[in-house]
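The following pair of complexes shares a single chain, chain A, combined with chain B in the former and chain C in the latter.
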Partner chain A sequence: MSNQTLALCRAAPYGSALAREGIEAVLASAAMEQEIDLLFLGDGIFQLLDNQAPEAIEQKSLRRNLMALPMFGVEQLYVCQRSLEERGIGPDLIQIPGAEVTLVGNPGELIAPYQCVLSF
Partner chain B sequence: MSNLNVNGQEIPLDKEGYLRNLNDWNRDVAEELARTEEIELSSAHWEVIELLQEFYRQFELSPAMRPLVKFIGQRLGPEKGRSIYLMQLFPPSPAKIASKIAGLPKPTNCL
Partner chain C sequence: MTLHVVSKSPFSCQALHDCLQSLAEGDALLLIEDGVYALQHQALQSLHKTKIYCLSADSQARGLQTSSASDSVEMIDDTRWVQLCTEHNPIVSWFR
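On to the complex of A and B.
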């Protein structure tokens, strides 16, 4: 745990560049053999949804990138349960094949032991 | 390098030699890109190139070394899913060189 990093994914996928920048930072860390977990909360939840249509704004799919996480060795995804409930999204809609998605009731408790936390 | 001449057609490249337009790719273009890297493409190379393109279609990104090794291993077995195997095919930097020949963008997370 001590060298483990946690990335907070808090931004909706296409409203700004933040979500993509965050994922690129995570992928770069993982490619350099760093251990990194992700916590999706707030509007960051929307990054996980399947029905994205980014072609319309000439963007690439953020969810497709997220699906590559297990290939990069990132397999632990945490999701804030309250953020999901507030947006009326069921846990079945946010699965990433090959990754373990864990719902978190108390994000503060999850974040506290990490020595390094990145926020996007 | 800014253009690649393939069968009389000028194919625009970026300053590192990657295709500017992914739609320009075909097997002749791949052969020519490989020649600039001094690689002669064998069936073993094509096997990896096709899987790289599949990786790109699936995840919309070019793989860095670690995911490339894992993906190749899943599809072609542990003998080929090893960095030494890919190094022999696409020296000196397999993720970058193979992506280039496959017509994909340079891996952004390849530092």
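On to the complex of A and C.
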């Protein structure tokens, strides 16, 4: 794990470009065969919600990019448990087919072994 | 050990809140830019096991005298900042 990169996703999906840019950066590095994991924290967990339909606000679904992650070999998604609880979201609402979603009680311990952490 | 760098005010943004949620034991916290307003925030008072640093130029620029900071905060210059970056891994930026 020590050579891996962790992408820290803290932005809600449509209010700014940051969430999309983060996922695109992750997909790009995965396409370059970099090992990368994701940790969704704070409002970033809203990226994972099922049933996103942003057509009426004229945006493309970010959920579709997330669904592509397993195809690019990114199968490990970590989600901050406390962030979910604070926002009243159950773990069943944030599944990504083909990816393993792991709830994390202590994000600090998860971050520590990584050599590189990217913030989005 | 992780170095957490916070650059936004805790009164306008979740950066410090999310950062504190992600602290592991032994991690260090560095306040820069508007992050130095956290010196006035009560959340810092409860961090007994975390080493807290603050970029002195940024706090002075904003009129935050060292006396208003708690005694547990070490005021640092750019050279010490670079040194901290060499001493810690990984480094996590909390910029929004």
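One rule holds in what follows: the second predicted complex is superposed on the first by the 120 of 120 C-alpha atoms of A that agree within 3 Å, B and C clash if a C-alpha of one lies under 4 Å from a C-alpha of the other, contacts with A are read in each partner's own complex, and residues count from 1 in each chain.
In this text, a contact is a pair of C-beta atoms (placed from the backbone, for glycine too) under 8 Å apart; a residue touches a chain by one contact, two chains touch by 3 or more.
Nothing here was measured: the structure is a model prediction, and the numbers come from that model.
Colleague: Check whether A:L18 is in contact with chain B, with chain C, with both or with neither, and answer first, second, both or neither.
Modeller: Touch status of A:L18: second partner only.
Colleague: Please indicate which partner A:R64 is in contact with in the superposed arrangement: first for chain B, second for chain C, both, or neither.
Modeller: first
Colleague: Looking at the overlay, what does A:A28 touch: chain B (first), chain C (second), both, or neither?
Modeller: Only chain B is touched by A:A28; chain C is not.
Colleague: Looking at the overlay, what does A:V117 touch: chain B (first), chain C (second), both, or neither?
Modeller: Second partner only.
Colleague: Looking at chain A, does chain C or chain B touch more of its residues?
Modeller: Greater contact footprint in residues on chain A: C.
Colleague: Determine, under the contact definition given at the top, whether A:C80 touches first (chain B), second (chain C), both, or neither.
Modeller: So A:C80 only meets chain C here.
Colleague: In their complex, what parts of chain C are in touch with chain A?
Modeller: Going by the criterion above, the answer is residues 1-2, 14, 17-18, 21-25, 27, 89-96.
Colleague: What part of chain B is in contact with chain A in the complex they form?
Modeller: The touching residues are 55, 58-61, 63-67, 70-71, 108-111.
Colleague: With touch defined as at the start, can you tell me which chain A residues reach chain B in the complex?
Modeller: Interface residues on the chain A side: 24, 27-28, 30-33, 60-61, 64-65, 67-68, 71-73.
Colleague: Taking the touch rule as given, give the residues of chain A at its contact with chain C in the complex, in rising order.
Modeller: That would be residues 6, 8, 10-11, 18, 41-43, 80, 82-83, 106-109, 111-112, 114-117, 119 of chain A.
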